[in-house]
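Both of the next two complexes hold chain A, though its partner changes from chain B to chain C.
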Partner chain A sequence: MLSGVARDILIAFLFLAVFATLPFVLDGRYYTGQIVTIFFYAVVASQWNLVFGVAGIFSLAQMALFAFGAYATAMLGFYLDWSVWAAMPLAGLTTVLVSILIGLACLRLTGAYVALLTLSIAQVVYFLIVTDTDCFVMEGVRCRQFTGGAVGFSQFGDLGTRKAFRGDWLTANYFIVLALLIVSMLFTYVIVKSPMGLAFRALRDNPGYAISRGIGRFKYQLLVFGLSAFFTGIAGGLWASHFRAIGPNLLSLSLMLFVLATMVVGGVGRFWGPLVGAILLVGADEVMREFGEYRTLGLGLILAVFVVAMPQGIVGLLKAGAACLRRRLKETAG
Partner chain B sequence: MSLLVCETVTKRFGALAAVEGLSFEVAPGQVLGIGGPNGAGKTTLFDVVSGLQPVTSGRVVLDGIDITKATADRICHLGLARTFQLNAGFDSMSGRENVQVAAYFGRRNRLFPGLRLGREAIRCTEEALELVGMRERAETPVEGAPVLDRKLLMIAGALVTDPKILLMDEPVGGLTASEIDEVESVVARVVREKQLTVVLIEHVMRFLMRLSDRVMIMHHGAKLFEGLPREVSEDPEVIEVYLGKSAKARKDSWFGEKTVAKTQT
Partner chain C sequence: MDVLPYILVTAVTVGAMYSLATLGLSLVWGAMGMLNMAHGTMLTLGGYAAYSAVTTLGLPWYFGFVAAILLGALVGAILYYGLVRFMLRNPAFETNIIIATVGIAIALENLVLKIYGGQPLGQPVSLHGTLRLGVVPVQTQNILIVVMSVTIMVLVAWTLKTSRVGRAIRATAQNREAAQLMGVPIRKVYLKVLAISGALAGVSGVLLSSLTQLSPPLGNDPMLKAFIMCVVAGLGNLPGSVLAAFVLALVEACTQFYLGARWGFPVLLILVILALIWRPYGVFGRTQVTRL
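Presenting the complex of A and B:
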């Protein structure tokens, strides 16, 4: 029997082997591009999973943090001519600060009230950006708002891969985003396995008992807000640099629900949940593309089925199945 | 000097006073047993002392430090650990992890928590698991573990925080007779080996009497009786509260006291 860590390393190598070969066997840029979006969703969902799944705080602010990272990178590039490579780390750090501020505002609340407040924060930011009409700079006859308004930003620089790799720029971007996915998932793995991970889970499982064992709720929940924000902000910056344009749709409810759904379908609180969920949902979305308007309906149905029938998600289901199989084998052997 | 001092501690929920003007002290190395009917305010007293509920008025002093307004995590770091009446546990974790997290975070405030548990936390955890006899069963998840295991893990989790005083809320509530004996021997061993000061709440009188040096009976949030264990069953007020007036009258008549006439009127 494999120990937990050995099993995770094995799964990691399997995923890596597949992801490393995919861009060379897939034809056409379309599918490579779709896998890049899977990576992005998986990065955000894996960090969100720290707050939502591991620490059990129903925060819906994660996409707002992602958008913040994207806007910070784009605006540093646009207004100050920063290279995106310099802007992304700063975007990550400032996202941590923003997340801690949101945490300070939210963590006096518990349960569904945290969800309500974080959702309204995200929506307020969305409407503030969309309705911003004050001219910050004039570009010829066009007026540009400080926040980019409803249009957003473009032409703030990119990763430089188009210049360096020419026709292969997408493959280069693919591996850059894959690298971020690896680093961010490693980060969550280390956190969850550390004493901090135990503290977060303790506070989720039984807050009163956890506090009585010396784990201050406020401190450690604020900590998880901060920790989960860094790679979310960087992912936002990388998203902006990869697509070379961003807009307020990053804060839209539908995108937030999609990423939330990847976490639920994969398995809330499970390490492999976000990645598996992102693959499944982007895949399902792809299949349903032909059905036009029914696509959103289909996603909603999938989410509903998982919430009702498989609250543990795919990864939880696989784990339970494996445990059942092992018991059977033991019985037949014994 | 007393290790734990409660001075006229009062806890009100709106108009209801769950604990009212209660004062008592616990000397180092002593085991104080608290009994009393349901709703007497025993658990509320523990919640207030351990910092889970704010005190309405009064003062709580632990080893010379005023902890009346301290938070529960700080009180834990100062050396007061408690167990719960409901079988509290971190359900998603193994028994061992349940104790490890307490060993790591319960001893002192971790300003910057590290990435590893460290030798000290691991050693204390194994020692505590051994002491309560849970080492063999420490790998199973706590979710779905039997009541006895959960109670023992709670005790182990309290011990690894290196407490000066241990508050136990119904450590044998809901257990079978043989299980009660097992917990009793564990608690007795802990008291003996660690020279630990203990306050315990229990309805199982046999358990309470055997372990306690001193017994306090609470009723309606106040102290009804405080004294030696063997005096409890002799106390007329305790009998009246537990068994009613007629029982008291019967006892009085059996033992030929003159109070018979008084209770009958």
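Presenting the complex of A and C:
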């Protein structure tokens, strides 16, 4: 029987082998582009999973952090002519600061209170950006708001792959985003397996016992807020650089729900959950595209059905199935 | 011109609507520990039900309220039978019900969009004309909103205080296990609480849309505000949340008048966060002794 770590390494290599060959096998840019979005959702969901699944804090501000990273990168490029490569790390670091600030404001509370406050913060930021009408700079006759207003930003630079690889730029971007996915999942893995990860899980499973064993709840929860924000912010920056345009829809409720559903469908608190969920949901979205108008309706129902019927998600179900199979085998052997 | 009376009229009207919305939310949270994220969509559905009853079926305006109450209660009951019933034994009920109701909310909102379209519609259930209160002209619709809200709140308070159902609801809110052991059928209580809160949401939806316009995301913003009012009062505290609704509506009206409409919600949120840092379980909330 494989140990946990060996099994995870095996799964990682399987995924890697598939992802490394896909862009050369698939014809047409459309599907390569869709897989890039799978990677983005998986990165954000894996960091969100650290907060919600591992540490048990139901924060709804993760997409706001993602949007912050994207806006920071775009605005550094737009106003100060920074290259996106220089802007992204700074965006990641400032996102950590923002996340800690949100944590300071919300983490004295627990449970549903945290969910409500973080959701309100995200909605207020969205609202303030959309209603921004004060001119910051003039572009010819057009007025540009500091936050980009309802339109957002474009033309702030890109990854440089269009110049360097010409026709193959999408494949180059694909591997850059894949690299971010690998790094962020490694980061998550190390945290979950470290003593810190144990502390997070202890606070989730039995806060009373964990606190009485000397684990500071506020301190550790603030820590997980900060840690999970770095790659979320960088993913935002990379999203902006890949699509070369961003807007306030990054903060929309439907996008937040999509990423939340990614986590729930894959399996909350499971290491492979976000990636599996992202693959399944982008796939389901592809299928529902045929029915066009009912996509959002379908997404909402999927979310509700999974929470009711499969709170452990697909990965949890597979694990339970594997355990059941193993028992059966043992019984027949013995 | 003195603006204070106008701000006050706005604050009282909006406060009455918020308190009606917070009442439904608080009732459900207090009795079942359930945060119903679909409450905002129930508001929207109530508004559209009134619209259909009056415009399509041609009923007189007050039947709009009847339609909204019926549909709201029905949606509440469906929510219980279709969703909540299966989740009560779920160990992570508190967070999972949030996720599930968010899913239902976005699905229902999408359904409304499909049926009625995205363009804003005018709410036919509204009174025209103005009355003069002292020196201030007040729209009849504002008076209707305040009178209806206060009547409904008194009715709900009276029901909770005196009736058999009300006693069962209060008992369940105080201590679920003890109530169950005393023979309170808590599942029936949950069903009734969700239906009542749905009916309340329906009425607030009609009142809300009479001030603005009907659109599919109508209820989302007010719901979020109602939520943070409940939070600042201490979730589940009914009188506290009504008071918080009026105070925060006054703050919002002042902010919107002096700083501009877009700063109303942000200022509200900052105040709430400061209040919660000062008292984490809400201004009127009792310090909770949770068994771990």
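For this structure, a couple of remarks:
In the analysis below, the second predicted complex is superposed on the first by the 334 of 334 C-alpha atoms of A that agree within 3 Å, B and C clash if a C-alpha of one lies under 4 Å from a C-alpha of the other, contacts with A are read in each partner's own complex, and residues count from 1 in each chain.
In this text, a contact is a pair of C-beta atoms (placed from the backbone, for glycine too) under 8 Å apart; a residue touches a chain by one contact, two chains touch by 3 or more.
Keep in mind it's a predicted model, so treat the numbers as computed, not measured.
When both complexes are superposed on chain A, chain B and chain C end up sitting side by side without clashing. By the touch criterion defined above, A:Thr21 reaches neither chain B nor chain C. In the superposed three-chain arrangement, the CA centre of chain A forms the vertex of an angle with the CA centres of chain B and chain C, and that angle is 70 degrees when rounded to a multiple of 10. When both complexes are overlaid on chain A, the residue A:Gln155 reaches neither chain B nor chain C. By the touch criterion stated above, A:Gly216 is placed in contact with chain B alone, chain C being left untouched. Of the two partner chains placed around the shared chain by superposition, chain B is the only one that A:Val190 touches, whereas chain C remains out of contact. In the superposed pair of complexes, A:Asn249 makes contact with neither chain B nor chain C.
When the shared chain is aligned, chain C comes close enough to touch A:Ala105, but chain B does not.
After superposition on the shared chain, chain A has more residues touched by C, the comparison being chain B against chain C. When the shared chain is aligned, chain B comes close enough to touch A:Ala202, but chain C does not. The superposed three-chain arrangement places the nearest Cα atoms of chain B and chain C 8 Å from each other. Shared contact residues on chain A (touching chain B in one structure, chain C in the other): 206, 208-209. Residues of chain A that touch chain B in their complex: 190, 194-196, 198-199, 201-202, 204-206, 208-217, 223, 269.
Within the complex formed with chain A, the residues of chain C that make contact are 29, 35, 83, 86-87, 90, 92, 94-111, 114, 220-221, 224, 227-228, 231, 235, 261-262, 265-266, 269, 272-273, 276-277, 280, 292.
On chain A, the positions that touch chain C within their shared complex are 52, 58, 105-106, 108-109, 111-113, 115-117, 119-121, 123-124, 127-128, 131-132, 206-209, 253-254, 257, 260-261, 264, 293-294, 296-297, 299-304, 307-308, 311. By the touch criterion given at the top, residues 50, 52, 71-74, 76-77, 81-82, 84, 88-93, 97, 100-102, 104-110, 113-117, 121, 157, 161 of chain B touch chain A in their complex.
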